[in-house]
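Written out below as structure tokens is the structure these notes cover.
As written, the chains take the letters A, B, C and D, and residue 1 is the first residue of each chain.
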Amino acid sequence: MVDLSVRIGGLRLASPVMPASGTFGPELAEVFDLDLLGALVTKSVTPDPRRGNPTPRVAETGQGLLNSIGIPGKGIAAWLAHDLPAWQRFAAPLVVSLSAPSAAAFAAAARALSVPGVAAIEANISCPNLEEDGRAFAAEPGPAAAAIAAIRAATALPVWAKLSPNTGDIAAVARACEDAGADALVVANTILGLAIDLDTMAPALGAGMGGYSGPGFKPIALRLVWQCAHAVRIPVIGCGGITTGNDAVEFMLAGAAAVQVGTATFIQPAAMLRVTEGIAAFCAGRGFARVAELTGRAWSGARPLAAE
Amino acid sequence: MDGAYPVASHIGAVLVSEPVGARYHRILIDAPALSAAVRPGQFCHLLCPGVYLRRPMSVWRAGPGESLGFLFRVAGPGTAALAGLRAGDTLDAMGPVGRPFSLDPGWRRILILARGVGLATLSLLALRAAARGIGVTAVLSAREPADLMLAAFASDAPMQVHAVFDSDGSSAPAAVGALLAAEIARARPDAVFTCGSDRLLRLLQGIAARENIPGEAAIEQRMGCALGLCFSCVRRIATADGPRDLRVCREGPVFDLHSVEAW
Amino acid sequence: MVDLSVRIGGLRLASPVMPASGTFGPELAEVFDLDLLGALVTKSVTPDPRRGNPTPRVAETGQGLLNSIGIPGKGIAAWLAHDLPAWQRFAAPLVVSLSAPSAAAFAAAARALSVPGVAAIEANISCPNLEEDGRAFAAEPGPAAAAIAAIRAATALPVWAKLSPNTGDIAAVARACEDAGADALVVANTILGLAIDLDTMAPALGAGMGGYSGPGFKPIALRLVWQCAHAVRIPVIGCGGITTGNDAVEFMLAGAAAVQVGTATFIQPAAMLRVTEGIAAFCAGRGFARVAELTGRAWSGARPLAAE
Amino acid sequence: MDGAYPVASHIGAVLVSEPVGARYHRILIDAPALSAAVRPGQFCHLLCPGVYLRRPMSVWRAGPGESLGFLFRVAGPGTAALAGLRAGDTLDAMGPVGRPFSLDPGWRRILILARGVGLATLSLLALRAAARGIGVTAVLSAREPADLMLAAFASDAPMQVHAVFDSDGSSAPAAVGALLAAEIARARPDAVFTCGSDRLLRLLQGIAARENIPGEAAIEQRMGCALGLCFSCVRRIATADGPRDLRVCREGPVFDLHSVEAW
């Protein structure tokens, strides 16, 4: 029997498999027992209500998905009043994804979210930073660190920084977030993409460009995890195109301590269970007693501390 | 169907896969648990060979002991792949999902207004109503007689069907409006239902409001998960707290007739 | 009969379809008539001989390819003596892809390549810049502009700048290259990716990370073309995952004046002919008399000058 | 086969697809032009259903009027997909590509040393030699008798075959070396050929050098295009100008026996 538990900063997760923000909700409990997951990750919550982007909000592109949902939501106050209670029926740790327009707003929101029932805050710093006229916090080390430092100062909860592929040097952003006090990194959010509808001869998404996810994004996300895990000592949670247990094993061998599964759930609603079984089968077949032993195995040098 | 986990991906053997008329296709699969669980207006999210995303498809035929059916227009790669399935192939259908139509056993008559492939969405409602002895008046609109899928809609259930066509002008709003008014005067329905045309939706909203008859409409939107997770399928819907972007896959695809804002 | 000709800076090409550097050679003349192409693009030539990277140099990943060939070659002197003559039997314009370790080396090499038979120089500035300890020229506007300006000053030939997806702000790099005198942009080179071999539990490529190309890369390349074509007035040549005529049409609608086809040739050796036929069929079916009319059609605003 | 454009992608109908022994599979397709053009040692680049890159595969059977054959070990997704093909399916084979084996009509005898699936690469050479009345001595090495594909190699052509196995130790280098020396003493070959084992390659290089017999070896390398375009398939080869990285798909897969550097 393989030990699937992993440590992510202060948290011990019963499984390395968790959902990716924005692709998950309590509705999935109609498909399987959500307490089989290592953690539950919410859609990004925003300080104020947001309507989101015009439709179509998703488009298919080969072996992948383009989305421009626009983080619609009722805002933190309503989320605390209505959504948080709905999550309490699950035993798995609840990770709240947080998105905000400024470092100060991130701090205030993190403070508001520091309530019983919330196990960690995942800072979605891929969203636009109004103080840098709309460039994402995660595009540069400076703004990324400012946001994480502000959150760190505002809460005692573990803080996960979710990085963006849309940057010139993700290792630098990763180090900046570690130095600013992040307990873990989630790598990565979607990469900016585009599809043109040949019937309308216009972008397939109502918003124009969108985030690319799914299998076609996997080789890039795997590279980002490799770069970040080499750059920091905090755990890296791999995310991007994971569909099978073998995909997840690749991420862990590249340096990830855990994984998130997003778009795959749209294709197979029980994908996260299949991924969990696949990881366990790989470990059993290759003689690993603990899934944590996989982390960083593909490195030429020593294994990263993230695995310990 | 496990009560605790009502939604699942079901792999069913294809029993029938054949064209219907010039532009449509029907598929029947063997998926007993799913077929028994589905209610009229609900849909399944279908894995189409060779394309990445699933495609949402209303359930056209279902019931305990009956095979599960879909009736669709070949619109692009996904539906083309579905139409390419052959008896013996398997189809992965995820469901049942979505809010079904209301069907009150106390009703005496319902009126259905469907356009094009919208009748696929309303057919099961008509059959279930007829089976319960509820009278069904159906006004079916199509481009031309060749496109009308009368048998596909009514099967051999007893109902009052009126066909209108673009080809002879009988589908023009004014003409359809007059027809509906006459039908309602002749045999007043307890509820009205529509799917498939925004123009007809607005027409029916007006008449039902005047006549003060309750109703429901089934609508479509581009989908990702069909599980209520991604919020890609929202449509503007009037609610008690004002207009809201609701999920067609979750709060819909069936909404109160008057709550659907025409786009 | 659709007019397939396009203008790229000073050059008029009989077709918008040409090969991508490193995926093409005179050997392909064994498969079809290379003069059906708009231009012939060589593998990147380097000032000095290079051995290239350890094998395996390619790996498969879903709907795409990872490569780390390492630009092996005999160096410019030998290329001019042996390879250039072999290209002279073709009538289509010859575009020489050039890679060098410094702006000065780019300039010297461009000067050496300014000989009869060479129609344009494509500067592969995605390669490591030894003066920026190995970061690619195209990663930042400054080094990119320095390389292009040096080449511009060294040759009278049209200069195409081939940009890299591995940057935080490709629009800024595009503008910098335009200002430095580039006649056209090629968008884009491969994006950095990774695959792990589960049997060996090590990277699938001998060199570790590699460049990701093919259909899975397409949505990203299309977005890069969209961003660059909005940022500059010089023509943009789209490249990344193009396999069919419809793919090429998407790139042109997004703002490309021409396209390059790379990995698709590995799957279907006559892919470039199929792409050309597909573009012509789309134009005929939608009533476009000239393929150049497609450029930028998907824009909400006016069409870009690149199309004129 | 168009003389001006000798290389093309040929879509052939699968005639035979069946396992050979425990770990191998053979496929015969109907691709007349390609089959007539192929020479021993050349290969095709095969499109395998469901995987992106083509897979290189030596031609095992070919000839004017004959179907085109491949014999392979199921090693992963690509070869598994090939093994999944059924009669009536089609296979897209790109070729012929690569440098063939030399076969001098003046020769009286050749000696072939093959290991495992390397015999698939050498079988056509043996058959063509035998057909021309050239004597063939073949030493075939395999893990165990069950793995030896004697019939697959020799068909029913006349040749002198020696089988050696790991299971009884007869495939050990020393034993094979002695066997080769004896065979060469008994009937000296004009040329020697090998494929499938680095150890046997080195062994044969030594013997051929001592006996001063010319020879060729066919080798493998991970491939992208198989057309000489991408330089992914290089191997270190000794040339007149010193060691060079040559393309297995273009300058090879057949190289002078002594030019191949053991890795």
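The definition used in the following text is that contacts are C-beta pairs under 8 Å (C-beta built on N, C-alpha and C of every residue); 3 or more make two chains touch, one makes a residue touch a chain.
Because the structure is predicted, anything quoted here is derived from the model rather than measured.
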Any chance you could name the chains that touch subunit B and subunit D both?
none
Please name the chain that ends up farthest from subunit C once chain centres are defined by their CA atoms averaged.
B
Centre-to-centre distance between subunit C and subunit B (centres being mean Cα positions), rounded to whole Å
49
Intercentroid distance (Cα basis), subunit C paired with subunit A, Å:
33
Distance between chain centroids, defined by C-alpha means - subunit C, subunit D (Å):
37
Numbers and ranges of subunit D residues touching at least 2 other chains:
none
Pull out every residue in subunit A that's touching 2 or more other chains.
61-64
If each chain is a dot and touching chains are joined, what shape do you get: line, ring, star, complete or other?
line
Between which chains is there touch?
A-B, A-C, C-D
Contacting residues of subunit A [partner subunit C, same complex]:
61-64, 66, 139-140, 166-169, 191-196, 198, 201-203, 209, 212, 215-220, 222-223, 226, 246, 249-250, 253-254, 282, 297-298, 300
Can you list the residues on subunit D that touch subunit C in the complex?
5-9, 47, 51-54, 94, 221-235, 245, 250
Name, in rising order, each residue of subunit A that touches subunit B in their complex.
22-25, 27-28, 30-33, 43, 51-52, 55-65, 67, 69, 72, 214, 265-270
